[in-house]
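In what comes next, chain A is part of two complexes: it sits with chain B in the first one and with chain C in the second one.
Here is the complex of A and B:
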């Protein structure tokens, strides 16, 4: 069976990629600075001996390759290690697990909304190329891709939260105390908090998808088989969606596949702007604090997710396009 | 004279591009009788394909048919609603596009694509449609139709794909087929097979056909009548015999003399000097005058009329009466 063969090959391929990436990250971190110095900066009462003790405690006194092997051996027992400072030295897996739900919520909603909005718009725009609608769509998308997400986020907070007396919350996952819940419902409160970050995030990833669908659709609509389908008397909707869109979906699939790889870490800026307790923000904080175990843990997750997403993309490709066979 | 099936008059289809308006089809008039094959001949860019697409109203944007009538069995197709037109396309008039390698959708199987068209125009079950599709593949000379039906276009050769395109065109028993250079993209042996198949099917089904080609050899071999196009206009129309043996338009003469012929053992191949004009700013008067060996002042000043000079015979030239054109293929 070619499918099993394919999966085995992909799994083998994972091995060098995994070691390569983790070792690189491991070394680069240690070139970036000394976390103990950062931790104790400005603390005049901490002596050099105490610093050395801290290094020993974190295992940072050993040579890099030993530290790496130690970390690997722990990893294979399912232990991602403990954070130096984040969460008061909590296990990395717990830290990531706690934040994964918030991140996935934002990311999946953003992806779903942007696809639902972008595909029909892109198709319409391609169908009526050079029309006023098409011009409006392409220009708006251009503006959309050009606006940085932090600017958009801050503007959204300014206009829809600060200036309107808290129409929407400025950030966070939920209200601090239950008596702030709208209609006393915790679910409504969560949804209420989701509106701004999801909208901003959707808008930010919408524009490239619209442009991608449009250009890919234009490419397909020029093909002879579209002309032939039309000449066979098929309904215009059949021509556009059954024959056009299915062929135009292939580039989009690659895009979504890449997106899924970064699913857990993809929105650090949005998360930071909206004070959203997700993995992206955890990652940024860990880098700022040189919290090595957390950085490594997140990198492991990104690597695995990317590889899994690639396999899923390949399988989806073969399903949509019969010319591609997995071998 | 036999009954007229399709009559196109004064058809104009322009393409509105950024560079300007391309007058791709500019006043074409032609006629197809029931059961006959009309050859539509001309160089690349003479408007053959756009004429066929205009008849079916599938001209790609930014093209638009702005004038003319397309009368098909007493109906003016240009006046029909789009929904009515959809029931004519594929059912009464079928189209075989130019390049068989790209006319089938790569992501659906052969069976899917045939069944789709059959079920669009006939109230039949999927099972019946599938059986019909297999029968069609058999009738266009495809071996093992039961296997082919489940295959995808990339698994098939060019010749097989063209046979499938023909099968799709025939699937709803049309009365008119527009075949746009059905053999150009194929190699020579397959070309002969496909032409043979078309001739054969035409005879069996008594379907009328417009065969678009730039190959005079194919015209001589398969067509009853010919319409010669140049730069979006008709040069002349007549029976194949008339046009080949007694061309009335200088362009036809030039076209015929540029056909390589073994029988005549010509040492050098004659060519028509120049190339097809820019159709945004076509030449004044007769569009062929810059390349015509017989042009006079009147040809530069005035566009000639398409003059009827006999039963179903038309010529679009000021000087046809004075000229004594020779036929290179008279044998």
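Here is the complex of A and C:
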């Protein structure tokens, strides 16, 4: 298998994509307004010269293509630049690093739980196709794919936090001060804060996984090798779990790969609902404050993650399923 | 008729569409979807008759169209069945006008997405070779882009130029459409590949039919069933995306949408549960209706696909 050749071919077309998307974002965001004006709005004592100095300081006085090239050359030395205002002008890489932990925590837990719940349900549903259980599972999943996550999240907050006198916190990573720790320790406090967002997130991404496992399982159970396994007198559970499930999990790999790619993209909505200090909210705040370096940094990180996740998925596929060849 | 040997054989022909309708009728979930979508279409069409107040109506003593007291965050009552939000808008009226916006978004974005995916799917599947290669690479590029983030950025730019935010809905529709074609184009391409290999296509090529004629008179009608199903499901997806954008406060605030009610209500969750609950129920129901309809259409139009 020509892995090197595959990687080179991938890189050949992913590199232009990377430059394209970063330049697109770079030029669009600059149409959204002047960050210096926003920063100094309502401050009558700031003179026009001072504003101009601030623009020079941020490098906003140069032509856009020069700014882009400068930013790009910094990027290749691993420097994502400094935020204009967010975090008091902190390095963008630090900002994203801090926020990424919160985002990954929520999303990886959600993914893990949803896979743990969805795989057995999907298999059972496929095993007893058209049974009452199967109908219940498919119909519930359909409702599940239709509920927007912010509605689900707000309902969870309404029922489980606000209305019942604070069974779970509204949102946020942790309590503001140690006096508010419900069970005395910081770790329990953080876990307590995780319950609501994680459960909502798990349920929100559960339905598509269930349907995927079910249809993939149905497809596999139709194959000749399952018939052969049954005919050779294997136990039904061995046929289903050892021969069936292992093959049915292949499409799930694509899903997980895509999920990792889009890990940070879907975050703004969930994180806003639960006031979760992750990358998604960082991005929304950066847009609202016209903090260009932060916007660019988030886009770079997300695009790179997607590209890398795609390549890893392809390689993993070829490794697990020998019928697939990298081209 | 007497010349026929066996008159019982003379049955009326049943077309593909009639057969599909028969299958569709037998599927209660599909019928439920049709009824839900129909109900919302009715609300959207007659919103001015159903809603007691005009959209985005802040009651003032001097406004003849919007009478009543300025009364924000009132719980549901006879005057306001779904309560009022923080702007003193009547949530019931906002929800009813939201139906029209939802259909506008759903059909608009889907029309854009489907035109692009049909053109790309047909061209890639039919011409093959380099055309196919190029178009499929382009599709992959679009799948990689962080589309939701770009959408937010574009809307921010728009609001810089139009401080009322008017026109944002159309921009949203256009961008959602322009980024929603890749998955659909891939599926259509594989369907086109299947049809292209059939004998009647070869036959029409042999008698000298042009590529245009083959594409739009022979291939397109034979992938129409897939197109219909994809369209229905895309409508549901587009409505959900727009609601998310509006919830984050990047929506067009001159148009009453369900997502916008979420945006207004989000800061008052503990005081006013009604502001989010009712739009959320409507949103979920409509999306579910289109999903049920799409699945029902898939089962009816293409029984082979049935899982």
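By definition in this document, the second predicted complex is superposed on the first by the 288 of 327 C-alpha atoms of A that agree within 3 Å, B and C clash if a C-alpha of one lies under 4 Å from a C-alpha of the other, contacts with A are read in each partner's own complex, and residues count from 1 in each chain.
One rule holds for everything that comes next: a residue touches a chain if its C-beta (ideal position, glycine included) is under 8 Å from a C-beta of that chain, and two chains touch if they have at least 3 such contacts.
All values reported here derive from a predicted model rather than from experimental measurement.
Superposition of the two complexes onto chain A shows chain B and chain C fitting side by side, with no clash. When both complexes are overlaid on chain A, the residue A:243 reaches chain B alone and has no touch with chain C. After overlaying the two complexes on the shared chain, residue contacts for A:33 are found with chain C alone; chain B is out of touch. Between the Cα centres of chain B and chain C, as seen from that of chain A, there is an angle of 70°, stated in steps of 10. Once the two complexes are laid over each other on the shared chain, residue contacts for A:150 go to chain C alone; chain B is not touched. Of the two partners chain B and chain C, it is C that touches the larger number of chain A residues.
In the superposed pair of complexes, A:140 makes contact with neither chain B nor chain C. By the touch criterion stated above, A:322 is placed in contact with chain B alone, chain C being left untouched. Residue contacts after overlaying the shared chain place A:224 against chain B, while chain C stays out of touching range.
Of the two partner chains placed by the overlay, only chain B lies in contact with A:233; chain C stays clear of it.
Of the two partner chains placed by superposition, A:190 touches none, neither chain B nor chain C. Shared-chain residue A:85: touches no atom of chain B or chain C.
The gap separating chain B from chain C at its narrowest, counted between C-alpha atoms of the superposed chains, is 9 angstrom. With the contact threshold set out at the top, not one residue of chain A is in contact with chain B in one structure and with chain C in the other. Chain contact summary for the complex, chain A toward chain C: residues 13, 17, 20-21, 24-25, 28-29, 31-33, 139, 142-143, 145-148, 150-151, 154-155, 157-158, 162-163, 170, 214-215, 218, 261-262, 264-266, 268-269, 272-273, 283-284, 287-288, 295, 298-299, 302-303, 306-307, 310. Listed in rising order, the residues of chain B touching chain A in the complex are 53, 56, 58, 60-62, 82, 86-91, 94-95, 97-99, 102-109, 116-117, 120-121, 152, 154, 165, 168. Of all residues in chain C, only 29, 137, 141, 144-150, 152-154, 156-157, 159-160, 236, 240, 243-244, 247-248, 262, 266, 269-270, 273, 276-277, 280, 283-284, 287-288, 291-292, 295, 307 touch chain A in the complex they form. Put simply, chain A touches chain B in their complex at residues 129-130, 222-225, 227-236, 238, 243, 246-247, 320-323.
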